[in-house]
Structure formats: structure tokens, C-alpha cells
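Take a look at the following structure, please.
Chain naming follows the written order as A, B, C and D, and within any one chain the residues start at number 1.
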């Protein structure tokens, strides 16, 4: 069955993609963060450039997560540039 | 020739000997801090108790000094309990 | 509350007074204030923009504080992180700790700011005459954080 | 002046603001405040008396600060030590340091208070219901000071 997730953007990708959040319906076959990222990169060169794994960190439900982490229905996924607080 | 020195007292010995400072003329033969202390202890049991080397620290001209340090004429000698600031 | 994320400036002295007032057994209050520096890699910084992940940032800071409390005897802790547009010399962050013993207050304060730098979702964009640049996690900050686990 | 020995209370926040104002290159201000605890070895402390060796105490603190400046990059330093009669929760001592880098501010602040405890001529007498007791240098303080020279 299809999964619907919320994606939040922070830092550089949020600014460059002019997007702070969106709700997306995931197509079949997307079940990890890495797969989600690859799928988002299909949106165009600008996306592919912003969302390479090397430039992005992510969290699922407000926990830092690795690219092989599983996504579940209703998850809150955040994509952001490396953190730099303090 | 005779030496005249100023002795300052701080902390426990100052309180117990009821003395903050005095000017003394040293008799011949007293040239180190250790000798000064032994000489002051001759003033009586109360002094001997307060000024045992184990309970006292000292400074000459505002520098911490060891018991074998030489005393010179006009020196400012300070005798005090172990420091405990901060 | 131990954690505050806010646009408004803060009064470090008032926070220290608050921590001091928690108990007559407080012997040491240590505080760290991080400020906006006016230069970055020799470029003049005009201002910075600080962003955070609402919800996760508070949780991350509370987790760091909880970990500090398992490592040291703390009587009180306060962390304030500002967000929004800030100029040179503006205060960005405050970490203050209170303990009976100064060693505990010092170590925990440094531990919290070190982990904040690597584990709390905040972002800084520095604006210079060349434009804006999102700052990335510094290797030196990662190394400082890792010291706490290797005993170095 | 970097050093003040005074009867009056101090405002830690005002001192931190002063250090912050020295330069737009200040990135970190760390401060330590030492307070009178209400108990000592399980006895209730009614008050303490702080005494110092005028002249030598200022010189000793200035020497400690000078040594800290050779070890770390410091933009400003302030040390305040109170003397006279103080009660539980009263502030005794403040050490505040400012640097471009937080590691320097933290280490120098802790270095200065560690050396103050062993190298600056101040004395504390604690008054409990059992009477007054002149505090002696703590072995733990000597050990903390010695860490700075053995690299431990």
C-alpha cells in the first residue's frame, strides 16, 4: 500500500529549493531514506545538485538517521545541510 | 650588623596570636626563614604551637618562600596558614 | 524549563543568578556565551541567520542535558539558543551549569556546548559581501565532541 | 584593570558584557562564579570570613593571568575576589575570559581558578555552630592545579 510522508527542509536545501515542507505520496519501491533521496533527485538537475547524499543529512521523526533507515507511513522526514549551531 | 624586618601575619596565626604585623630587630645568627620561625617560637608555648613549620607557609617580599630562604635587612616577611581562596 | 529557543536576546547574568538561587549548596556556576564574530575566513561577516528544527532542537538539547546529568552532579542547567537574524557581537547561545563542585560545572558546561555543535539541529548562514553561505559542521567541533567518549 | 579585590558584591553579567564589548572578534565568553556553600563536612556554615594579603594577592592574580595569556589566545580577562564577611549563597569569586575560540576561553578560565586556589594569598575562615575554622588548601585543589603541568 502507498505511504504518505511529510518532508521538512532546513538550511541550504530549504533556501535553494525554496521549500520548507511538503506532503508526498511515495511510489511503490521507495522504502529507505536513500531511495527517497534518489527519487526526489529525479525532479531535475537543481534537486539532484542539492540532494546528493554527500551534502545532506537527514532525520526521521526527529531522530538523525542513516541513508539505509526505513521509512514508514506518516513519518516526518527532514532533509538538511550539516548542522552548525552554537 | 643587625637586621630589621617587618613581619605580617595572616589567617589562623594572625587570629590566634592577635597580631597582624610587627617590626622586629633580628638577633645575630638568624638569617633564614626557618631560623626566624624557631626564634619566634621561643616567645612561648602559644607561639610554638602556632608557628610549627607544618602548620605555616611564608613569603618574603610577597613571594612564597621555602624555610631555607635567606632573609635580608628591610625584608617584608609574611607568615600564614595554608591559603584557601576562591 | 532548562531549554529555551528564542528570537529575543538574553541576560546571562540573570540566568546565572537564577541557577545560583536554586540551592544554598551551589558552589560553582559556570557559563558559556557564544557570540557572532565579525569575520569568517578573513571575510567580513555582515550578519548571520540562525534556523532550527522546531521540536527536534528542544528534544536534542534536553537529551544532551540529560546525558550531562548522568556524568556529573548538577544542581541546575540552562541552555538558551537564539534564532533569526543576528549581527556582529550579538549573543547566539548560552550554556550555564551549577554544581557543588567547580570541576563538574566546568566539564558539563563544555560538554553541553560541544554536543550542541554536533547533535542539535541548528543552522547558521553567514552573510558577507560575497553573499550568503550556510556554515557546515566543523571538523574541529566533531573532534571536540569525540574527546568526551575517548577520554582524551 | 583585570583584577579587583573588593568587599562589594559583583555583577557577573555586567563583567561578561564588558568582556564581550572589547572586540567584535570575541566568539566566546566563559565565566566561573564561586559561591559560599551552606555546609562544610556536614556542618552548617553560618558565614565565612575572607582575608587576603594586600599587594601580594593582586600580584599573584596578575601573574596567573599573564601565564594564562601565554598559553591561550585571550582577548580579555577579569578576576574579582571578594573579602570580608560573607553568608551562604553569597558570591566569593568571579573569573571571566574572552577569546575568539571557546576552547581557549574554557581552558584559561579553569586554569585561572585552579591556580588562584593554590597560588593566590587568600584565606577563608568558616564559622559553624562549633566555632570558626580556618580552611586549609585542599589536596584536590593542588591536584587540579598540577594537571595543568603534567598534561593529564
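Worth pointing out:
As a working rule, a residue touches a chain if its C-beta (ideal position, glycine included) is under 8 Å from a C-beta of that chain, and two chains touch if they have at least 3 such contacts.
The structure displayed is predicted, hence computed values, not measured ones.
Here the chain-to-chain distance from chain A to chain C, counted in touching steps, is 1.
The chain with its Cα centroid farthest from the Cα centroid of chain A is B. Separation between the centroids of chain A and chain B, computed from CA atoms only, is 75 Å.
Distance between chain centres (mean CA atoms), chain C to chain D: 23 Å.
Distance between chain centres (mean CA atoms), chain B to chain D: 27 Å.
Separating the centre of chain A from that of chain D, both taken as means of CA atoms, is a distance of 49 Å. Multi-chain contact residues of chain A (touching two or more other chains): none found.
Across the assembly, chain D contributes residues 34, 113 that each touch 2 or more other chains. Under the contact rule defined at the top, the touching pairs of chains are A-C, B-D, C-D. Those residues of chain C that touch chain D in the shared complex are 11-14, 16-17, 20-21, 24-35, 37-39, 88-89, 91, 100, 102-103, 105-106, 109-110, 113, 144. Those residues of chain D that touch chain B in the shared complex are 34, 50-53, 55-57, 59, 81, 92-93, 113, 116-125, 132, 134-138. Of all residues in chain B, those touching chain D in their complex are 8, 10-12, 14-15, 59, 62, 64, 78, 80-86.
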